[in-house]
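Dropping the structures in below, format is structure tokens.
Below are two complexes that have subunit A in common, paired first with subunit B and then with subunit C.
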Partner chain A sequence: MTSVFLEMLDGFTRQRGVQGGLVVSERDGIVVDAHVQLGVRASVVAALAASIYRKARLSAEAAGLGGVAYVELAAVQGRLCMAGRGDLVVVLVTDGRSSVGLLRTALLRALDNLP
Partner chain B sequence: MSDDIRRWSEELARDPASLVFIPLGDALRRRGQLDPALKVATRGLERHPYDADAHDLLARIWADRGELERAMDEWGAALRVAPQHAGALKGMGFACSHAGRGVDAERYLVAALATDPTDATISAALSRLRMPPAASGDGGPRPSGPEAVRSIRDSSASPSHPAPAAESVSELELPPMPVSVVQDARDVFLDLLGDGEQTALLLDAQGYVLAGSYVVADGRDVGQDVGGALSGVSDEAQRAMRHLGLGEWTSIVFETDVAAVAMAPVVQDGEAAVALVAAARSVPLGLVRRLLRSVTERSAAWLTGTVGPTGAEL
Partner chain C sequence: MTIAVVEPWVEAPLRHFVQDAQVTLALLLTPSGQVLGQHGFTRAVDVMAACALAAAIHASSSELGKMLEGKPFAGLHHAGATRQIFLAPAETRRGTLLCLTVFDDATSIGIVQLYFDELRGRLEAGAPGARTPPTGVLADTFEQDLNRNLTLLFRR
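Let's look at the complex of A and B:
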């Protein structure tokens, strides 16, 4: 069975340095769909990414900065790139080789395809 | 008191490894018997080098002797062992205040208050610290040297060995926070920011502003509101990276309807802080990231005291 997100996620994971793409529910951190490499724990990534995105959204609102469209968390060995609309958040897990600017643009464009 | 001293001395003689040296040393200190107190504390520390209360005791003895630097060393040692040690946080707060390090003093006192919200002496000290000089009453010269540390001595008693109330509150004569120090802290990033639509803050682990400002169109500084609201994001980032095994987090960037916000950790001498840059959406993201790097470096240098106001090297 294929989901409406499969083509989008497949396109992301073909990009250099992308180890996985997920669509998650921000409210409960559950995986809606995922295309990840072996070793990437989709359910853990989904829960944590949703939590970060939600925190960023609520904090930005509390600070009077408006709604959040894109969040990027960088670490020593990789990063999480996230863009959301409504309750859905598209999450990419990448290593240090990825072209972040390209991924950000692709993620923001992908929001138009979210239901 | 003398009965207690006799009893604790006997107990220590029976068991030299006992932690009773802490109340014994403190009792001697309160009686002004600083040499025997010092001997008891240093011997105790030889056996218990990782006991924060022991370092706190030694710090208070040094403070009583007028040796503020040594006192701060010991409170620093106590905080390395127990970062939330109320007595050491309080002691460092008062010591920094007397040393003219108002920003550090406020940071330590805020942390001390978080560990013991019922301690009225900390609240009073913070109020005093935040009060402009004109409103602080006496306007007289700030105490210095032994006179200064005498007030530290009694106001820095740890919760387990509280000072008598009459002493601790009445001697809580903090010098007013110099306006210039506050202004300097706000101006630390000014030269990096230029005239653009961007701002920078340095937040401590609790989300309080250490340096920088966030001034909105009507002239209000909303740095504390914004910093407090956003500091939780860095906690979440740290937690997530730990679980995902991607190593320490290095930055978080998020774009909102009206701004791009970037944050990065600043770790200095084991203390964690967060540098935050916010810019209008019209500012290119790459520039925001570069600015964040500069602000992070400046923050680290400012925390170590190697740069002063407006980034001038010291």
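Let's look at the complex of A and C:
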């Protein structure tokens, strides 16, 4: 069965260094749709990434900075890139080879296609 | 954070779960409704009612699961306007235990499920040897055990 997010997630995962793309419900922390490589635990990433994104959003709002546009978590072996609209958050799991600038642009552009 | 337990081996797993998942209420009980541990309740009568209801919900949903899929459902999630409940079984050497938890917007069902899997692993690893199961639906000492457990939890 195909979802409305399939084309978008396919586009992300074809980029260099992207190990997976997920559309996650921010409130519930569960996967709406995902396209991930073997070894990426989608449900665990979804739960934790949604929690990080939500806390970042609330922090930005509490600081009077408005909504969150983009959240990036830099880890030793890669990155989590997140952007959201409404209750949906797009999460990308990348390794060290990815081009963060390109991904960020693509991610922000993809938000326009979220329902 | 106050965790009260009837059997010491459930304390550490329950404490980890409550801390990590940021839930407001948590109950560990047997499928017959005997409480083993709790967090967040202040009155014995509330624990008794929640245990009885959780045991009944689990029994009903397990039977529904068997009718639909040939096996009991793995867990049950009910989302309210501000608070949500999650009820799921954990298999241990002491038999099946149920975990009933209530949470709000401070956490999410994804996080609760994630840490419930850890709780299940910890309970499985930490459970002492099996007890002899009761021969009837309920043990002859059910009511006596129920009162003893509630007294132990609330020390009254």
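Going forward, the second predicted complex is superposed on the first by the 115 of 115 C-alpha atoms of A that agree within 3 Å, B and C clash if a C-alpha of one lies under 4 Å from a C-alpha of the other, contacts with A are read in each partner's own complex, and residues count from 1 in each chain.
In the analysis below, contacts are C-beta pairs under 8 Å (C-beta built on N, C-alpha and C of every residue); 3 or more make two chains touch, one makes a residue touch a chain.
Treat the numbers as computed from the prediction; the structure is a model and nothing was measured.
By the touch criterion stated above, A:110 is placed in contact with neither subunit B nor subunit C.
Of the two partner chains placed around the shared chain by superposition, neither subunit B nor subunit C is touched by A:23. Touch criterion met: A:52 reaches subunit B, while subunit C stays clear of it. In the superposition on chain A, A:73 contacts subunit B only, with no contact to subunit C.
Of the two partners subunit B and subunit C, more residues of subunit A are touched by B.
Judged by the touch definition given at the top, the superposed model places A:90 against neither subunit B nor subunit C. In the superposed model, A:60 lies in contact with subunit B only, and not with subunit C.
Of the two partner chains, neither subunit B nor subunit C is touched by A:36. Common to the subunit B and subunit C contact sets on subunit A are residues 44, 48, 51. Across the interface of their complex, subunit A is touched by residues 79, 105, 107-111, 113-114 of subunit C. Partner subunit B is touched in their complex by these residues of subunit A: 44-45, 48-49, 51-52, 55-56, 59-60, 62-80, 93, 101, 104.
Residues 24-25, 27-30, 43-44, 46-48, 50-51, 54 of subunit A are the ones that touch subunit C when the two sit in their complex. Per the touch definition, subunit B reaches subunit A in the complex via residues 222, 225-226, 229-230, 232-233, 236-237, 239-241, 243-259, 261, 278, 285-286.
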